[in-house]
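We just call them A, B, C and D in the order they show up, numbering each chain from 1.
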Amino acid sequence: MKSLGVGLIGTGYMGKCHALAWNAVKTVFGDVARPRLVHLAEANEELATLRASEFGFEKATADWRALIADPEVDVVSVTTPNQFHPEMAIAALQAGKHVWCEKPMAPSYGDAERMLDAASISGRVGILGYNYIQNPVMRHIKTLIGEGAIGEINHVRVEMDEDFMADPDAFFYWKSELAAGYGALDDFAVHPLSLLWFLFGHVEAVITDMVKPYAERPLQQGGRREVENHDLASVLMRLHGGISAVLMANRSAWGRKGRIALQIFGSKGAISYDQERMNEFELYQAEGRGTEQGFRKILAAPAHRPYGRFIPAPGHGLGFNDLKIIECRELIGAIAGEAASVVTFVDGLRIEKTVHAMAQSFHERRWVEIAS
Amino acid sequence: MKSLGVGLIGTGYMGKCHALAWNAVKTVFGDVARPRLVHLAEANEELATLRASEFGFEKATADWRALIADPEVDVVSVTTPNQFHPEMAIAALQAGKHVWCEKPMAPSYGDAERMLDAASISGRVGILGYNYIQNPVMRHIKTLIGEGAIGEINHVRVEMDEDFMADPDAFFYWKSELAAGYGALDDFAVHPLSLLWFLFGHVEAVITDMVKPYAERPLQQGGRREVENHDLASVLMRLHGGISAVLMANRSAWGRKGRIALQIFGSKGAISYDQERMNEFELYQAEGRGTEQGFRKILAAPAHRPYGRFIPAPGHGLGFNDLKIIECRELIGAIAGEAASVVTFVDGLRIEKTVHAMAQSFHERRWVEIAS
Amino acid sequence: MKSLGVGLIGTGYMGKCHALAWNAVKTVFGDVARPRLVHLAEANEELATLRASEFGFEKATADWRALIADPEVDVVSVTTPNQFHPEMAIAALQAGKHVWCEKPMAPSYGDAERMLDAASISGRVGILGYNYIQNPVMRHIKTLIGEGAIGEINHVRVEMDEDFMADPDAFFYWKSELAAGYGALDDFAVHPLSLLWFLFGHVEAVITDMVKPYAERPLQQGGRREVENHDLASVLMRLHGGISAVLMANRSAWGRKGRIALQIFGSKGAISYDQERMNEFELYQAEGRGTEQGFRKILAAPAHRPYGRFIPAPGHGLGFNDLKIIECRELIGAIAGEAASVVTFVDGLRIEKTVHAMAQSFHERRWVEIAS
Amino acid sequence: MKSLGVGLIGTGYMGKCHALAWNAVKTVFGDVARPRLVHLAEANEELATLRASEFGFEKATADWRALIADPEVDVVSVTTPNQFHPEMAIAALQAGKHVWCEKPMAPSYGDAERMLDAASISGRVGILGYNYIQNPVMRHIKTLIGEGAIGEINHVRVEMDEDFMADPDAFFYWKSELAAGYGALDDFAVHPLSLLWFLFGHVEAVITDMVKPYAERPLQQGGRREVENHDLASVLMRLHGGISAVLMANRSAWGRKGRIALQIFGSKGAISYDQERMNEFELYQAEGRGTEQGFRKILAAPAHRPYGRFIPAPGHGLGFNDLKIIECRELIGAIAGEAASVVTFVDGLRIEKTVHAMAQSFHERRWVEIAS
């Protein structure tokens, strides 16, 4: 494998996470060429230079187009706020770069479609940063389901809850504007949707309820402003094959910090998982004597690939940032033409379509089918 | 308080549970007259006599009407299969007896209405065996909500799951017949509905999805038979005041044995509870330093009334049967004209109405409002 | 089986618990004669009469010797403070009564020996109220160990912790007097010792450390008084067959309410249990694929005998008081000459011997062997 | 800060972990100079070259002395098996390099002393890889204790359990040789000792019991060989100020994968922690209404420093390897003369002294005081 030249646009939460992944992927996996950290773009020159030094990039710029034009750059990490994704990703693809774009694709479905078109035309790899599917525990859950360990699946529940919008006295900010999207649905529910897609394929029909826990919020300058989108959404779903599912997303859920709780029921057993304890999952198999049946708490271990690339001992635990390193390895594989476990722009667009269908089903108070 | 003469119809799961409660209520609470266990009715004479001896009843009969006619009987426990509730409860009320009837009221809404009418006309007490509301932990949760400990409630989730219908190879039996009802909804979801009612008041609107995990089941005599109702239901709800709620019920949920998992989110905190660990609950309050905020696991204790009537030490644990003893104490209070924490026939009918609305919303694939 | 006439001395915490058990045992188990609640003794006449009415006893007395002399009494529950056990139990045995005495036997080893002697001479049944061994879950753990489910046992840890002495500002009371015993060891550690005996047989050697978390305590009348015994003890042990064990007991353990945490390690697996969640235990078996090995959380169920005598459904939960009902059934069986799972005075004396050896090993700062 | 030139000796479990830390420390923390990965040593040339390429080191060698002689190397990571630590660490210090040596220091106390002497004479920084103290959660526990959040500490329990020696049918290998040390004590118990030191200071007195779960093990070539050290140790301890403690270490504990369970009891509350869930801890404070007291499960968050350097959102989770990155940052600080939270050779030697005292107390069957 040839060494990839990396460009990074954005250096916030996810930007740093990408930088850590690009730095570590070779050391962790060994079986790829060490990426060259070529070019970093940030809003202003000074910050760009500082971050380039911190993250180990050779060049810094306040002009992301210069980064995209850089012939040494082979692949571009796009980690800016969602509304910038389409322009940047499309420009990068048109310049012949591969693109690793944070989720979701874009606030509007049309823009997301254009991103996919650009990827298709360019022939380059476009993937999305849905890192939770990369957890070795989640991969093993997929393997177990595929092996029939819990039989035929008939029901799934997934909850995604955090509390960063839970305080009613917190000031109004952009996340509560309509321009920022539906609220919990696109800010949030896309993550559990990526897991549903990863494990079961696409969603076929939905009906959604949404509420605003707080109708308005205080303004920093005094007075109050109406909240324009919904922090809380609950969705009944049918998945591929008629599996019934319930998705619940709440960004005002006091006490939940990074909860993505998954329950999967099948004809021979059940599986449960919670992202807040990302190094374990529970498995129930209706086997053996009834007196000893129970949910087994299984700790992540080297045999759950690729955990062992990080740590040779079981039960020692990966972290959130490690998932991005695995995603990075998958991306490199995809670029090299290997089969890779990633959310491509094709799959990502379907996730966006589902989000819009969920919103529509709320506004029209009816079930909405999602054409494939 | 005068000593009540007790009649018990049915001696299965719930019959025995009632018998234990009638035996223990005086010893536990002290502040009531010891009930006299007067008359017990079972399907045949022999079994009736055996059970009367075991449960400590003076007389035994195979004719439940004789029990109801017994002038020594003041109150009748009705613990037979659901289809017998209306006839027995109405006859008992008409004979001037108080009635303690197991949930749900009746398979048909009309019958349930007739039960309420009979209670109203008789002026006797009619209550339903929704014992989960009697848990001292659940009562304390209600107190906390009332005190505003977690602020204004905006979202509730409740899951009720067991696995007695989870095995696809188990023979078809009456629970899968349409005559037995909707399936998970009435067999099962009535329990979480009683909790929602207890904590938040009545449900105002619903939309339901239901599935049959197994389309058919084997027959003992060979061949297979189509399953006629749904083991699995998921419901989006609006409660009083616009609170959004999700109710999930699954009697085919492998690994779940007595799960009633409740999550309540408010503007200042959250509460969670699981009936499988009925002696504890979790409370999150957004107070104090952020570095020490977290869900507090609180063990049942004497200060959670009436736990202390059973055990003077905290953390030692009540059992499922103890809830029925508390319910029995409430019933005795209700008969004596005290304020009591029970599900009356009035409230029970509203729960039945909700169940039928949930089923309707599934068949018509739309939201259904429930008139008050 | 003939109906037993029951006398109850003491009506506090354990007295009420015994009364509930005597009231319920027939209804729960069916297969015994209903005991007659004949005579109750309390410190004064008035209270005795009140409690007799509450608990369902026919006669009341302030003179426990009158109770023992009552020819209608066949078996005596002794539930008074520990220092009264020897006199009452011995008198009852000498009067030809069976004795159900709360643990521990007596503050002094000599008195405990005299109790055993009295039982031996009388030919009557003498058992001790070590109710934790009666938990269906604990019985099943014993069965699993006996079946070799976790191989040969090599290590055991047991922790018994509560927090009723944890507050340093609580007034000095009799539990801190030397006359009340060693502190955590006899007040407390006897319970885990009963479990160790039940599961593994007797303790062979010990070395103990003890501390006083608080050297003195405030007096209600002002001033402070030195604490005379130890709220906290830790013991290294060797059990039968050289199994290493650690016993930790702490009655000043903030946050623990009824913890008895047991961990058992064997050559093929491990078991863990915590009394605060008495309706479940965890089992690890080193079997099958490594990728799915884990501790299985197993909920109490009818197949764990005699859970099913109380509730026919799994996962619904017994309570602390239910254990006493099971103990009562075992006692009735023992009196009828059945094999019974109880702590007899013989076994109880060995537990006392172990307690005194633990104290000795602390004072002499050395390992102490316990002769069999 | 000047950029440090790094040498790495050994590329196994801990070698890779060091490499990842050296790669990531600048990107994570920003406030240090990016280390230069200069020289890597492995047992043979080929492997050294491969690992240097994977880990990002410029030079590779099979001769660790060449690495130490390299003038571009400022600091040496020593990650080889324990018996090589003294020679390598001493040589590096004598060559004027700083040393980051994996724990424990050395199999013999004399060698460990010589390592400390070499560090003292050199004036260079020598620290040990006790990474568990670096967990932001553990640091916060220390802060809480220091603030008196749970009052004056009176009791501590710590368990360290894994199961890599649990299978009795696994072949004999070097870990069971006497030459490899005492077994659980030095292989294992040094980690909890580092935590006890970090939180409470040094251990003052000990008495230990040890057992061999399996007296002998099969040999790969056939036949069996006697096990020469002890997989299992239990220790009663007195810490600074008379705090009683119990340390339990078991490398044959089926089902435990990376358990380091800590329980700390004080006069106002309690704290518990388990390394298998390293992103949370539990805090009980005896404050407020009794009806709401309970153990609070607190998830790691940015406010628990330096978690926020890795992830700006709470509850998302660090991994085991992240602790080494923090340790690396502390080491760089120590080299720059900053106050640093590390286990120096001075503290490390005291830990070794405690290990030897624990072994002595077992062999002499008595309490052993540890001179300060």
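Heads up, the rule we're going with is that a residue touches a chain if its C-beta (ideal position, glycine included) is under 8 Å from a C-beta of that chain, and two chains touch if they have at least 3 such contacts.
Since we're looking at a predicted model, the values are computed, not measured.
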Exercise. Please name the chain that ends up farthest from chain D once chain centres are defined by their CA atoms averaged.
Key: B
Practice problem: Identify the chain pair with more contacting C-beta pairs: A-D or B-D. | Solution: A-D
Practice problem: Can you spot which option in A-B, B-C or A-C is basically C-D again, with over half of the contact pairs the same by residue number? | Solution: A-B
Self-check item: Averaged-CA centre spacing for the pair chain D and chain B, given as whole angstrom
Solution: 53
Quiz item: How many Å are there between the centre of chain A and the centre of chain D, using C-alpha atoms for each centre?
Solution: 34
Quiz item: What residues in chain A touch two or more of the other chains?
Solution: 256, 293-295, 299, 301
Quiz prompt | Arrangement of touching chains [line / ring / star / complete / other] | solution = complete
Quiz item: Residues of chain B touching chain C in their complex?
Solution: 13, 16-17, 19-20, 23-24, 26-28, 30, 34, 53-56, 162, 164, 256-259, 276-279, 299, 301, 310-322
Quiz item: chain A touches which residues of chain C in the complex?
Solution: 140, 144, 149, 280, 282-283, 290-299, 301, 303-304
Quiz item: For chain B, which residues are in contact with chain A within the complex?
Solution: 150-151, 154-155, 157, 159, 163, 166-168, 207, 209-211, 213-214, 232, 234, 236, 238, 242, 244, 246, 248, 250, 252-256, 265-270, 284, 286, 293-295, 365-367
